[in-house]
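Each chain gets a letter, A, B, C, D, E and F, in the order it is written, and its residues are counted from 1.
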Amino acid sequence: MREALAEDFGLGGDLTSEATIAAGASGYGALVAREAGTLAGLDAALFAFRVLDPEATFEVFRRDGDLLEAGTRIAVIAARARALLGAERTALNLLCHLSGIASATARLVAAAAGRCAISETRKTLPGLRALQKYAVRAGGGRNHRMRLDDAILIKDNHIALAGGIAAALAGARARAGHLIAIEIEVDTLAQLDEVLEHVAGVDAILLDNFSLGDLREAVRRVDGRVPLEASGRISAASVAAIADTGVDLISSGALTHSAPALDIGLDIAS
Amino acid sequence: MREALAEDFGLGGDLTSEATIAAGASGYGALVAREAGTLAGLDAALFAFRVLDPEATFEVFRRDGDLLEAGTRIAVIAARARALLGAERTALNLLCHLSGIASATARLVAAAAGRCAISETRKTLPGLRALQKYAVRAGGGRNHRMRLDDAILIKDNHIALAGGIAAALAGARARAGHLIAIEIEVDTLAQLDEVLEHVAGVDAILLDNFSLGDLREAVRRVDGRVPLEASGRISAASVAAIADTGVDLISSGALTHSAPALDIGLDIAS
Amino acid sequence: MREALAEDFGLGGDLTSEATIAAGASGYGALVAREAGTLAGLDAALFAFRVLDPEATFEVFRRDGDLLEAGTRIAVIAARARALLGAERTALNLLCHLSGIASATARLVAAAAGRCAISETRKTLPGLRALQKYAVRAGGGRNHRMRLDDAILIKDNHIALAGGIAAALAGARARAGHLIAIEIEVDTLAQLDEVLEHVAGVDAILLDNFSLGDLREAVRRVDGRVPLEASGRISAASVAAIADTGVDLISSGALTHSAPALDIGLDIAS
Amino acid sequence: MREALAEDFGLGGDLTSEATIAAGASGYGALVAREAGTLAGLDAALFAFRVLDPEATFEVFRRDGDLLEAGTRIAVIAARARALLGAERTALNLLCHLSGIASATARLVAAAAGRCAISETRKTLPGLRALQKYAVRAGGGRNHRMRLDDAILIKDNHIALAGGIAAALAGARARAGHLIAIEIEVDTLAQLDEVLEHVAGVDAILLDNFSLGDLREAVRRVDGRVPLEASGRISAASVAAIADTGVDLISSGALTHSAPALDIGLDIAS
Amino acid sequence: MREALAEDFGLGGDLTSEATIAAGASGYGALVAREAGTLAGLDAALFAFRVLDPEATFEVFRRDGDLLEAGTRIAVIAARARALLGAERTALNLLCHLSGIASATARLVAAAAGRCAISETRKTLPGLRALQKYAVRAGGGRNHRMRLDDAILIKDNHIALAGGIAAALAGARARAGHLIAIEIEVDTLAQLDEVLEHVAGVDAILLDNFSLGDLREAVRRVDGRVPLEASGRISAASVAAIADTGVDLISSGALTHSAPALDIGLDIAS
Amino acid sequence: MREALAEDFGLGGDLTSEATIAAGASGYGALVAREAGTLAGLDAALFAFRVLDPEATFEVFRRDGDLLEAGTRIAVIAARARALLGAERTALNLLCHLSGIASATARLVAAAAGRCAISETRKTLPGLRALQKYAVRAGGGRNHRMRLDDAILIKDNHIALAGGIAAALAGARARAGHLIAIEIEVDTLAQLDEVLEHVAGVDAILLDNFSLGDLREAVRRVDGRVPLEASGRISAASVAAIADTGVDLISSGALTHSAPALDIGLDIAS
């Protein structure tokens, strides 16, 4: 948050608050949801006010992961008035973004109704991955891999460049330490069959853009030997049907790259 | 991009590519639009490949600000295959996000049809403000203020804490250097009238959440003395009607906080 | 200040204080002006002692912007003796530099006697711009633009490369957002006349190295339509006469690039 | 220089050059001395242009340490016009500051006429110490200690807190490694005598604010056993007389904290 | 390497080389092993010379992972003489440290003779983990987890605080995403039996400080259901016997925290 | 420590502790020596727990430089249980490393029995020099130079490139400021004689890889005119004999590049 505040304050600081608010004036700000959703990022948001006013105090009514209705009061901040207005935008920018991700995740989790898990992907924004993935957890999702170095995920291009599924899996097993999981993406049932021939040491299979029928057939063929992940054009509308096919996990890049911000505002009183 | 790549590579690097692709193998990757939109962020995206392979070369067919159709080839990268796959996600994450912003901006610009300008706000993501505001320009928008220190924008809370419009404007004029513009937000026509009584030195007035009728009336009352900005619940559907009222500028926070990513992919061939 | 202290302490720390002062010894240090001037940078200077001794306490008698006489006690610091001596030079380096700038500014402000404002330029030192511009404000000056991105200032080279004053101003208006001010520099009365032909949207005119007579004539021709800034070889001796011409602002690069440090010392007692 | 350029460009970049100069235009810039002095910092200044235009080329006529006359052409830069204007201020800010220090040093060195060395102190600006001390060398000076950790310099407060000269020197000898020099400051001839009683292991003695007569007497009493440094109110006018007393070194804080910038400009041609 | 060179050069640079070597002099430096071992870190070491002399060229005879004899020439660097001597220590510090780790690893790998894998732990030095773990791979080892966030490793304290093995494993399964492996440490055969009752979802078991007899018994009881790792007081002398017990992996913290540097020198010729 | 913790926590944090320990649980951790040695780095180690739990409290029984027996309790930490386990490895990694250096130093200091000083070299690890050199002091050693810029140490290659001992010393005297010590390395008694011919201004002579007989002879020839340092293949076994030769200082690179970690553990109780 310190860097985000510096990005907003520049070299000259908050000219408007300096020009219009007495240095010593104090006030209250209430974080209030303007629409329904799921909260994420509250601690970071509150910290922005603390940075500008080390003596700011907080009364907190909701926690990350809590459901919000339009009008829900999330927290009240008592601080110097200049700090309230100076940190407002920086705090809300992060809070609304992360709550937007949590809300989108919670919608998919609700649609899946416990039949399968919901996960994001590595389609995150530069510098924000840890926070965005945290917001997915706040929304009830489970995290996919964090980076390129904590699991092996073999995609179509890797298969092509390795010279086929068998060769790619052999390479993966040779490189992976004993705590590195291996997942492989397949685009067709035929590819799935080929993976199943070399399934030892495979920790998950990603079924990319499969039809519902093919997903069901894949579940049947795998028969519980290895977890199955479905991806590709996931939406709140399609999740229930996909979950019904019996896959273990549905992953959606849109959770982090296209979730609209949740509208949360700061009501200020002196 | 270096930091974004470090965030993705962690301490161990791209395990999958190391495991499946020979170190010396080279390949080609084509950046291809999967849907229609406006391009932004190409140089940064290409730079990601250059970081991983200093000898990567590029053939570029489209530039930032260009319109893309589904299927448009944007650029082709020749590089080591491990660099293509290692940088793919980081490059696309930024490119799709910025192009999403440019595309959303271009849609509002098209709807305004030249009758007024389109601008974003300070509702940006931490660390990404410069890039997001650049994307707005790539989409044909004009930038609002960059930070808290390059212009004064007096909002409702500032007015309340200053003790009224006249006091707030007086404070602003006393603080602003000769190159600092002053804008003031009003919520009602009555407030507008009060501002007009002290309009000397005011560079713009922000009409927040005005109805179309009130916008028209505001335009009539101001009569060209100072530029007018409309904000609040802006969408592609509402922009044309707002532009018709005669305001000079429409600003939309959603351009940067809620624009969905534009779908651009990397087709790899060896 | 943390980085400045690290620059001074290096890898081994303050050898002299470790060698000569008991670890637990405490003491007092009084910041005392050795010559008359204007104070700036006190909070940062005091913070240096706090970094080395988190339990340091301060009694403060003067604030930034206050006038100092030779002998004025500015503040008293109670801290561990090693912290007093270890932070002394770092604290004074910044305090004397910023107070030097504030003092030089205050001299010009006094000479202008309220007839016009005094401003610095972008002739600042790397990494110190925010602090140096703050010191100008502490001395009663008003800030010129902070950076290249918060206002447009068209100079002779821009005019030449743009193909003339009209073209340069047209380019500026096309690029500037609604909160970006536009200033243009002219070297002669003839150029001033050309600017006045295209004066709509020009927020200020910089008269560079004009004689007193030409400044008066420029004020007459502009007749209040746009603020006028005078620059070039500004000194305490010349400011009064320039202010008499009727310009609105005098800017001086020497305020930040050549102001001598104000002599402030630390008197230590155990 | 990268950080200094970032400080100047902010989030939006050089608006004026973007608005007035075609992206592809190229030009020439000549660094020209506007007054006589000594050059320092040329490589860093030229690097600023290279950062903005990696294909910038330089023709260099003068090197750091060279004497400049008013009108001397120092170097010519061929680069894109936007890069010339965008880097101009950042490059000149550093070049003029460092050349100002080198010029002030060279004046003292000339006044000393080889009878003693000239040195700066630790009175430098935050973040600029290495460059400022380099500029002193470029002006013909010799560096005093770089930081608190590379030599021991016992001042009056250290003596007081250690409990006297003998105790302070004993502490210093116990703490110093075999490559750490020890210098001690004295304010009176009586203190000097006390130091001479414990002079083993003392590498230099600093005579602070001694009169010319006392300096001569100190030289006589020390009789070459240890180098002597004179400090306090040093100016170009006083250096010759001080050098005549026979001290080995004169140190001046003003070299780095109060040297006026040397006026060097950039003449641009397309 | 840039930061490591900055740490060594400080503010004043390599005084000795400046004092004794002409600025333009060039030379050759040969990296030569002074004792037998395994190479790691060559690219980083060579890069240090490139930083000081961008035109340095390299002839490389050995690669990371290669065995070295006393006297083996690893590479020859042609560069400016000041760059050779200025970068020598920084380059060798890293090269000797990483080659020391690779050599220690290679000794254990050789002792294991392919019967089991060799791995390091998280007992690395601050800031050097990625490089130290890379050196283990260069020595033929396989990496254990990189950080706390890429796998779950339940130790005795976690078991105690969770309320037992069953509760700890249940918590782990609930928290882990589908690509997060779970390992659990046991200290006794009785604990092993308890783990085996809840072995579903356990990816590895760590047998800490087991006797050879207990290791053999553990291997018998687990019977290939899950990989087994042995740790605790591992040395080149004990590895063969431990490998004979049938465990899959031996991990040693000493590889990274106590491996002596490999003696590699730089022979310089002009 | 913040960076070291970030290196260990990555983007996802301490998964294991989150999975197995209640967020609010608190506990105690005792730092206990598992073998005899000398303590160094306690404050930094304790700070790691404070970073994760700002309310952590410490009871400290031993200080840096204290001797430890196997079983000695060093300190007890009361903190949240997740903080104890999350910071454990990072804290111990540094503490065991620095205590290992202090212990190795203390062994050499004991062997020298006060007849000469013990020093490390510049053979340190990237980013850790200040801490490693501090640990040498904690073990009773005296620091050699910190960096390349705080003393001149002329080695064989410098002599060769300068054109001989006389030329190298002349260059050093010309470059060194009055507080920069000059040391020169010799490999033979003949070289020593040549140095003695130009010994004015030489602060120390380094006798590299001299036999015991040659060391004695060197001590005889120098006869106290300048301090002598012995280096090359130093071990606890050889120090006593070398100290007996009468040299003033023995330096050992192995103190920092090859000292094994001291085994210190954290015993946790809830």
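Simple rule for what comes next: a residue touches a chain if its C-beta (ideal position, glycine included) is under 8 Å from a C-beta of that chain, and two chains touch if they have at least 3 such contacts.
Here the structure is a predicted model, which means the values were calculated and not measured.
Chain centre most remote from that of chain E: C (centre = mean of CA atoms). Simply put, of B-E and B-F, more C-beta pairs touch at B-E. In this assembly, the C-alpha centroid of chain C lies 45 Å from the C-alpha centroid of chain F.
Rounded to a whole number, the gap between the C-alpha centres of chain E and chain F is 22 angstrom.
For chain C, residues touching at least two other chains, in rising order: 7, 10-12, 129, 143, 146-147, 149-151, 153, 180. Taken as a contact graph, with one node per protein chain and an edge wherever two chains touch, the assembly is complete, since every chain touches every other chain. Of all residues in chain F, only 129-130, 133, 143, 146-147, 150 touch chain C in the complex they form.
On the side of chain E, the complex with chain D involves touching residues 10-12. Put simply, chain C touches chain B in their complex at residues 117, 119, 142-146, 149-151, 153, 177-181, 183, 203-204, 227, 229, 248-249. Across the interface of their complex, chain F is touched by residues 1, 3-4, 7-22, 25, 27, 81, 84-86, 89-90, 92-94, 96-97, 100, 122-129, 146-155, 157-162, 167-168, 171-172, 174-176, 180, 254, 257-258, 260-261, 268, 270 of chain E.
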